[in-house]
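Each chain carries a letter (A, B, C, D, E and F) given by its place in the written order, and its residues are counted from 1.
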């Protein structure tokens, strides 16, 4: 995560304000130096440490943070994750927000990593979706990367995904693609969600960069994918072109290995973001 | 949720911007009127409908929203939740953000309601914690209320919770309470986290409003609670005073019924916020 | 005042911008190092020095501030209060805003201290109200604390104060308290404004934490307070319980000593915030 | 006050947020229509009514406000000032902030009007200063106008006021004026604070638009002013030129009439802003 | 331009504030209804009318705007462009900002259209760059589309453009592409700036989506382009694949026709944004 | 340019965010130290260097900038302008925004300087207008100063310019001036745009500080100006008073020398802001 961004600074500030409200009642008159560390209460993949460090320093430049793990690294229950030292009032004021952020992101990274492991060796990659908690899009997508996944589009403006309704409004797949190609920035990739081989054929011929195959069983895909690759070769004149990206969604995590064998390029899933649990960390103050 | 708040307006705007980025690529040249509805893909407790309606109207005042359920109401899989109509480009631009918000909040409300049901008839209430997703504090706490729970403090500024570290810094429970009482606004309630009956006694005599009993087994509580009530009566001169609020935390959801029988007033838990899954809704456009 | 808060930073920045507008016309081409000090033109209680220091440093990190008094300390006319040094253009750009802030806050602290002195030895405390200059709530309440007072609730969200209209809308005191208790966060204290002993009785039995006795003459209070304490003991089973907080408002500052003898716990007053005058400070540049 | 300004909207929003915090606890479950009115508890000059109306409507567009007085109009104790109707929860949420604003501004307008009355018939005008409560500059200056005064410069950027320190840094009055004239926007007026007739002469010859005579007794001014006008005529070739504006500051309100007879153009004073008390208004809900 | 965006609202508000400052001095006491119209003082392509209309309505909802031209339409000198009516103080307050916006954008659209006309019939499209006035990116890119051009990437986050320095840091073109492909969202297009056929070959084989040929003379391109297409066919197995986008930059507008014949897909140019002049419009008030 | 201003910081941050969007795709995994320099591709007047330096440091405090030219200095094609060193990812992230700012401002400064040169020795000064790119007002006016011009009013709030429509609404020039003088801050200069000697006479007698003579040919001005100076002397009792500022606008840059001989004080022109081209700079990374 590149923390050099005014936008991220504003997010961190707004989160600190959210918890501080009109000021930390318990920190009154407790201004002395101290130190604390984070310890994991369960195992997982670490994510959000650099953000937590940056957040503490936005609150008080006198706080020093020592990260004991890299982003994306595995930790065991009981392992120390980071150490902080500085004015105790500031440490206590930032504690909850920093923990909330890292526990949430590490939960996502941990679940992502578990799914990515299922795909190991298959060449199929795991991508996220736009189902993210409002206000947390870039952070949750970063956690997905920490867990080994790759990101799908970041918002409505960096790729065009044509769904059933867009196609109906435009008067068909071909017309919809023409409209997008005429008006969108040229580096825009266009992805079409299809339900039938006929739709896929039309989308591929019309110049789609990706085809989204939603809620199609792996055994159906096993037959469909080679046909789609073959359809793509009408356009690209050779078998095995990687110009068309075939993506499956609506995948039951239990069946992920079956999907991985169908020849698709990508599985996209919101599960690590919408269904993961926070990993539990505790911040312990060092008492002298 | 009182939606009359400039602060909430800014949150909703920032969430729309997060998904829109530099503009919705797919909505180009598709400006016509249309309608859509939300349907639940599983059962649960509805939460976030009024917020979704407000969000759509922040985006485009030409959008009309018709809520088919009240906040906190139960819905079945397949049930319609709300209807929207207006310019299709605006409906599509707001779709994902509105759904993300309501699916996340309904997931919290649904899990909260399940735990609240366990407590039915016991007189014990379920409260949340400050473990909330950064940026979503007032929304997630609202969802917790939709599910039948009550809120614990909203931030560091509206009640004083004294933990081990605060007590150590202040030089003991009694001194810590004195400091807080001398400086905090008078309506501030003071809650002390204790580990032993001795600490509880000291906290109660020093004037605590609430005692937090963290990770203590129900069978231990069964004995401890009457003693604490009795200790409270030293201060309040009579048995059964409701002036001291006894709160258990660190409660395994499986054991919640055992805790409910110990005589405590409250169980506080972060589980519906940190461990719930989103409820799945779909927005379906009406094609003509 | 804990200056470690993004919210406070934004306030300070907005105040600097308010005076700077599109830039300080007089500071053009005058960039050299210099120093200045603040001197009091009358005596009073100092408040706002740490904020002024923080404001100067938000404007220009090259500015050094040396505070000669602690917050809440008494100063005499002619006394030096703080010293600043740094680029003269920056010193001159921040001068007016920093002085305005500290002169206003010191005025409040000074008037608060005068009233608090009247209460010395009585055990009755002085609390503020929500009558504060828009945008200055946390600062003016901080100045009230600097003067020795304590704060009442900070906003509409951190305690529930039931007035005549709330009671009428809810259908009576008891119903109003039930509604609040059912929906408010559990640490919320509930205060009821009453006009008769009957109302007070109802409020106390219904579980109010505080009773606000508005514009009732001290001689009436003298008789009423023991009755209310006695009514409270119906609820709390013993005389002298400090669970009920009795608060007088609408107190003429001239009669404050008479009120202090009535047995109440608190006198709440807006006077030091709505009726105080600024204390006059001057910033003098050191010419070499 | 022109309320058509995004900047003012943001101020009003921030003030509502300041009181609402995380939401009005007492407004829960009280959503019904109602009405209320404002009544003055003492006499004065009304100011802030249009702002209060705009503030209520920013909070809830369903609120209707009927202003019974114009801005700057005199009201008696007991007089009704405005009427509001709409959802009671919204009326109660905006009540305190709207009142605080109008009571503060009306206090300033009332004190300004009293001083302006002292100057009636003298041709001398009353101007404010940059001593304003941080965040309230444009509002307090507006209240000063409501009371019949005129505004001095609005900030550091819309006129150049040269004080002792600026003159010293620049190396003298003439050099300072040359520097400002070379770099400031051409419509910038330049005002010089002087202590002696010699300084005044230099400032006038160097092209100052205004001379600020600070803390000079009226009897001294009586002799000095004609000399300064005469000095100005060296520059402007005729007696009685109104090109030079002579302004007195540091004027004791008790001596204002003596100052008004000295031939100066303006008296500038911070008193109505830094020393006025709020006028007391009450918002009464109509109970049915 | 989709005007339904909180981000755009904030931009418009900030521009109004920029001109209004602390309030329009000339609009004082002139509040009456009136009307005005815009007339072109030279011919061009209209752009920014819907934005101007939205800006006037952000300032004052009582303003009505009637657009007489569509965005992107040609107008002649003397032609009326839009009509506004409403409170004259509001019309005058918004006049300059609205005109500045539309005159600047129409200047860009006009120059873009002139270049696009040069390309008519060639199949080569004109794209913009990231050279845009700070704060005006989405608006200037919109004006470029109004003139018939298409947009290149909108920012650093929606396509990856590898320049000499990125390639050097990564250790070569192939390594740079591998790194980007491993970490960027999958819909990211990758464009490589090359200087030699060898670099182009490496970039194409490594999977680039586009090749940027900067400052290469058209006669050189004429030979190079078929070779690059041929190199692309090594990857894509057939001549004429449109998978590789060949883009020329550093094109002298005078030579644009020569470039258009070289077989490239795109010419990217900053000229209509960095070198165009504003088109002159005048707002004339209707006097009665 | 005084860079010590929270307002400027927010502008710089918003411009960085505009280009960074959700993060720089190409900077991923390239975090190492490096250096770069700016070189001019054409000659001109340098402007924006201190702003570019401040912008780089807002992005990353680890970046060091060494400015090789002063603001307003002339540079030749090929000359180095500034050097930067720091983390390469940060340098690349800020590159485009910093260049866009300085290239745009240097273009304005360069064109301003060319016009100012035409006026050398005439005593006539060149002033800008309110025709500025939305969001860039203070920056573009700063660039105009860098080129040797002076600024006209900065916004609607720091001088009153009465145009045909204001005069008509107020019922004539004299009434309009009376209204402004009664309500505007006293340091406000009043400028009247006139079309005839009669209007000029009325404006001067009514007390205008400046007369704007729009689109009047130099040969007409040659006769008119002495008459206007003479009219001014009726008011100011002597010839040659510099109290009235005569300003010509609508000046064709080709005729600027003819205008300069007419005896006017100022020529105001939007040309360097609305018609200049960006000066071309390149940022070159030092490769090792």
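The rule is short, and it goes like this: a contact is a pair of C-beta atoms (placed from the backbone, for glycine too) under 8 Å apart; a residue touches a chain by one contact, two chains touch by 3 or more.
Computed from a prediction, not measured in an experiment: that's the story for all the values here.
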## Note on the structure
Any chain touching chain B and chain E at once appears in the list A, C, D, F
### Of all other chains, the one whose Cα centre sits farthest from chain D
A
#### Entry: Option in A-B, B-E or B-F whose residue-number contact pairs overlap C-D by over half
A-B
### Query
Using each chain's Cα centroid, which is most distant from the centroid of chain B?
F
## Note on the structure
Expressed in whole Å, how far the mean CA point of chain B lies from that of chain D is 46
### Task
Please report how many Å separate the Cα centroid of chain E from that of chain F, as a whole number.
25
### Task
Pull out every residue in chain F that's touching 2 or more other chains.
14, 20-24, 27-28, 93, 137, 154-155, 157-159, 183-184, 188
### Task
Can you check the complex and tell me which residues of chain A touch chain E?
125, 127, 145, 150-154, 157-159, 182-189, 191, 207, 209-210, 236-238, 241-243, 245, 266
### Message
With touch defined as at the start, can you tell me which chain A residues reach chain F in the complex?
### Response
2, 4-7, 9, 137-138, 154-155, 158
### Query
Where on chain D is chain B touching in the complex?
13-14, 16-17, 20, 22-24, 27-28, 58-60, 89-90, 93
## Note on the structure
chain B partner, complex, touching residues on chain A are 11, 14-15, 18-30, 32, 34, 36, 88, 92-93, 96-97, 99-101, 103-104, 107, 130-137, 154-162, 164-166, 168-170, 179-180, 183-184, 188, 270, 274-275, 277-278, 285, 287
#### Entry: Sites on chain F touched by chain B in the complex
21-22
